[in-house]
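Think of it as A, B, C and D in the order they're written, each chain with its own count starting at 1.
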Amino acid sequence: MNAALRAVVKGAAGRPGLRVTGFLDGFAGVLDDAARPLGFDDVSGILDAGGTILGTSNRHDPFRVPAGPDAEPRDRSDAILATLSRREIDALIVVGGDGTLRIADRLHEKGVPVVGVPKTIDNDVAETDLSVGYDSARALATDAVDRLHSTAASHHRIMVVEVMGRHAGWIALDAGLAGGGDVILIPEIAWSFEAVARGIRERTDRGRRFSIVVVAEGAPSPSGRTVVREIVAAPDPVRLGGIGAVVAQGLGAMLPFETRWVVLGHTQRGGAPTAFDRILATRFGVAALEAAVDRAWGSMVALRGDRVERVPIAAAVARPKRVDPAGDRVAAARAVRTIFGDE
Amino acid sequence: MNAALRAVVKGAAGRPGLRVTGFLDGFAGVLDDAARPLGFDDVSGILDAGGTILGTSNRHDPFRVPAGPDAEPRDRSDAILATLSRREIDALIVVGGDGTLRIADRLHEKGVPVVGVPKTIDNDVAETDLSVGYDSARALATDAVDRLHSTAASHHRIMVVEVMGRHAGWIALDAGLAGGGDVILIPEIAWSFEAVARGIRERTDRGRRFSIVVVAEGAPSPSGRTVVREIVAAPDPVRLGGIGAVVAQGLGAMLPFETRWVVLGHTQRGGAPTAFDRILATRFGVAALEAAVDRAWGSMVALRGDRVERVPIAAAVARPKRVDPAGDRVAAARAVRTIFGDE
Amino acid sequence: MNAALRAVVKGAAGRPGLRVTGFLDGFAGVLDDAARPLGFDDVSGILDAGGTILGTSNRHDPFRVPAGPDAEPRDRSDAILATLSRREIDALIVVGGDGTLRIADRLHEKGVPVVGVPKTIDNDVAETDLSVGYDSARALATDAVDRLHSTAASHHRIMVVEVMGRHAGWIALDAGLAGGGDVILIPEIAWSFEAVARGIRERTDRGRRFSIVVVAEGAPSPSGRTVVREIVAAPDPVRLGGIGAVVAQGLGAMLPFETRWVVLGHTQRGGAPTAFDRILATRFGVAALEAAVDRAWGSMVALRGDRVERVPIAAAVARPKRVDPAGDRVAAARAVRTIFGDE
Amino acid sequence: MNAALRAVVKGAAGRPGLRVTGFLDGFAGVLDDAARPLGFDDVSGILDAGGTILGTSNRHDPFRVPAGPDAEPRDRSDAILATLSRREIDALIVVGGDGTLRIADRLHEKGVPVVGVPKTIDNDVAETDLSVGYDSARALATDAVDRLHSTAASHHRIMVVEVMGRHAGWIALDAGLAGGGDVILIPEIAWSFEAVARGIRERTDRGRRFSIVVVAEGAPSPSGRTVVREIVAAPDPVRLGGIGAVVAQGLGAMLPFETRWVVLGHTQRGGAPTAFDRILATRFGVAALEAAVDRAWGSMVALRGDRVERVPIAAAVARPKRVDPAGDRVAAARAVRTIFGDE
């Protein structure tokens, strides 16, 4: 995020007549007109800093009202247009994931001059090979899987690691592939405890005394409901234990192994971004600036092969990007004997 | 652990007449006579590998019987002596933490020729400045705290990170000091939600919009019981949510901040050990071999300043090593405005 | 490399009738028939290990003879066919960079059943977005550039860092982009000391008291010859000091800054590969096995966007992959004020 | 350095009546009165940043005159006292290595109220177990040695890595121990090419096909002079190639292995400090502030075991801290078969 911001600001500084204003805390800043001018010095040295110097907020959707009995959809795009007009701003560069880009698409429909930059560790934005932030997140998740290997192997355990991915299994699949996960459970592939346990038993027959299970937080678990009653009886199972706990306790009840689980959670965010992400963010930032200069409203910058191109935001949010169960990634994982629990 | 093992084996290979046997899975291997000879080639290239090539087990204490109505203390030191005799082994080098060394001390009393090497990520072995494994664990915990900073700062949140330390707060204190934790909660210092909340409010008054709370898994929480009823009502709160969840929900109820928590758990283990740990393990391994050659039974190798010395295992386990609330580490943390929640 | 090997072996283990033989030290092993069978257990746990368990050699080109007065091109493809025939091997999977794949292409012409996998930290293989190993190398180079920032800034210095890239400037460009290099010198863009010095003076005018220069080892330096006579007078300037020394001493003579240089050299290799590289290697390994099963001789697996495809090796080696001075990567670097020394 | 500064500033902010001024670029700032006040906000978020926000300079020794035919020792302690008096500063906290602390000692003799903090990646300050910065430097050097392993092993090479240490071999010894260096050459132990070559041949006899040589930049090489004439004939051999090149070419001429060398140089500095260093710097910073409040002029904070104590600067600089060839570190290295080239 910071790298993209730096690219926009530095890029604008090199072009006469352009100036950049940073809105604080995402749409909240646009709605409330909280902003500050950004110059060359403001973005110096932030290339390898995670997060964003502008702050962010998930709670300010201009099209959503606070919950309540008589709540109804609201449209605050006028407030956004007013802010831009008052500040004499010609273009709004929106950086974010699927949800943020959906808002950007609606703003575009309402006449707000927007350009989008895909940034999400979930990698669920379509029409681009990858989004900014994803490579860093999968790298951190892979590190964690690497580390669990030595503990699992020394203790002859089943280690379950729950990674991010509410709707898409990208991090689980890639961290599982990269970290040598033995079992990968993702929302895109229906799995059962029985099939997973069968796969682990076959590993045992081949002399393997431990297994690493990588599970996306959003991986469904219908059969889990009956296996681990205690957890489901708790008031809010997902918040308390999560799918990782469900899987660990379920497998622990079926197999003669100690099981442990760990939820990576926010440790998958932050830290210095990977070189890949910093390069991509810089290219995206400069390309977004060009798109704004070209008044290519409603377009999103996207990675296609080794080129950065423009695609319509509308196309990028028309369907979420999901793991293709028939694609070569999953096929490669199956070829190296990864268990998906669907057989 | 592997580095210490490598040092013992390589060191023995250089001395005529010595040979090394590795027991598998800790005391389990000694009791069941599961072992394999270890030579130069077996330990080549394992210096930077976490875990242990011999396996480990927490469940085989030669002085403890399986639970049961009529269970009584058992003494299986005879089985251990028998294994050593049958294999013509003159010395048993025991590598582990407080619990393992207590067993070693009792075996020594029973006439088993033992030498101890302190290795525990909890750092709770006395009479040595540090144990093998601790520096690597605090480094990983510090990395995690570092990463949470950018997320917490971007989102204006309270982030609670629960680190290892059931009885001692070493990792929490050191990762908090190194990672710039704003609040550190450890078992050695009694804290209250009120005092923590007061400290965070003072931070807010100084313009800080986020806080990082580092809490040891064993930090007591008497007042927590009343604040977060839902969690305590669950069948097994510590296993489900842990103290991290208790602290996050408690503070979330008292302060106008979003709170999130993360439990580092097993991600604090494994991975390539730090340079510090590999050097310490090598020095300890060679020193333990020397102690065995000198028939210094019942001694443990220990770091004192920059020297490796021998101390009695009995002294090392006589009292657990705890953080000194009046020591210079805690004083330094207080000086840089760390909140311990006891004021 | 190890990850690709693991994928081939594990993939073959899952298909009845297939077995894998590993030749030692590259073509040397095929020519001298030095090989060993590879099974599931041989490749277990090597996913995160750099290098190759089979060894490698640059010195065994079946089409090149040792130097000598009467040396003439030799063709040893018969020896390779003989080895394959004797061992009843149906396919040869060749893993390597531009040079290795050129040999593979000639072997294919001679009737050897080859399939290629692009692996080179120089990233100079065409027809694929990226080669295995490149992402890890640029990540290591970026880390080094990151670290030089704090030293350069504290000491108000010009730091020159020489990275790999004899013919292509990929690592220099990407590590410069990702690490915030102020000057990037690559073989694809002709540069002069005067233009670089001018750019650094403009930085000084903007208040910057240090600069980081990233230079590819193969960046040409015509004007350098006259500036730093001492170095060029030495018997083998490139081996002794390299282009990094030439650049540092040249700029030091023109500008009022202390200059230092560092040659990353082999520290850009080895270590645990990035998640990206492990995933790519696994996908490539499985895809190469499929190509061999399909008898798609002369094909190379390649990354195209997010898909793995087959391309002719002949096309991949027809022209080397170079940085496009007019592409969006260089444009992005220029937009954030990177100095290429060509203005 | 930044962590120590942060500790001093934050510590002072918590005590009524104290304020902190930061001199820019070391003694240069004191002599030229270039300084700025430092408050809580100035040091926020710098804990994990390498280098120093104040800048540094090696070229301003108040007791040394610029070179010249009629140069004579000069004493500018009056200028320093004048700066302190003018700014009403009661104490000068000096952070640095052996050279800087020697100056601090002389300033103390002249009546300047100084307190010292040992910070040097060379670890050559006596009377303290370790100096700030050393653990980070040896960690980076160890990473480099780790990475060279895979390249050396794959290519069957001798890899020579030259690390920092002009007068003391600490980094070479510790990075060699931690990284599994096969040969370690340090200034404290006289070595010969013959003995090193003999040791490597013995490795070959035991089946080892590669070797890693770790050499301190200051390791003397008397016999090297005759072996590699070309290099020594060059105008400035150490600047051009360094001892690493001398060792690599010398061994390459004596042994049937390809040799390569790499000079780590400035890549051993910078980057995020280790957890160990950040904790030590924080403890040292707070302890130095206490010493200043106690008017303990001429004292240096020092690590002794697990405690921070005060020692006279005069004692710390009376003799440089060197590796003890008879100490347990070297003994441990010898026990695991490290070659020191002195046998």
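To be clear about the criterion, a contact is a pair of C-beta atoms (placed from the backbone, for glycine too) under 8 Å apart; a residue touches a chain by one contact, two chains touch by 3 or more.
Everything numeric here is computed off the predicted structure, so don't read it as measured data.
Peer 1: Tell me, please, which chain's centre (mean of its C-alpha atoms) is farthest from the centre of chain B?
Peer 2: Farthest from chain B by mean C-alpha position: C.
Peer 1: When the centre of a chain is set as the mean of its C-alpha atoms, what distance in Å lies between chain A and chain B?
Peer 2: 33
Peer 1: State, to the nearest whole Å, the distance from the C-alpha centre of chain A to the C-alpha centre of chain D.
Peer 2: 42
Peer 1: Among the residues of chain B, which ones contact at least 2 other chains?
Peer 2: Those would be 146, 149.
Peer 1: Which pairs of chains touch each other?
Peer 2: A-B, A-C, B-D, C-D
Peer 1: Okay, in this complex, where on chain B does chain A touch?
Peer 2: The touching residues are 1, 25, 49-52, 55-58, 140, 143-144, 146-151, 153-156, 159, 230-231, 233-236, 240-241, 245, 260-267, 269-271.
Peer 1: What does chain D use to touch chain B in their complex?
Peer 2: It comes out as residues 6-7, 10-11, 13-14, 40-41, 45, 47-48, 129-130, 135, 138-139, 141-142, 146, 149, 174-175, 177-180, 206, 272, 274-276, 278-279, 282-283, 285-287, 289, 304-308, 327-329, 331-333, 335-337.
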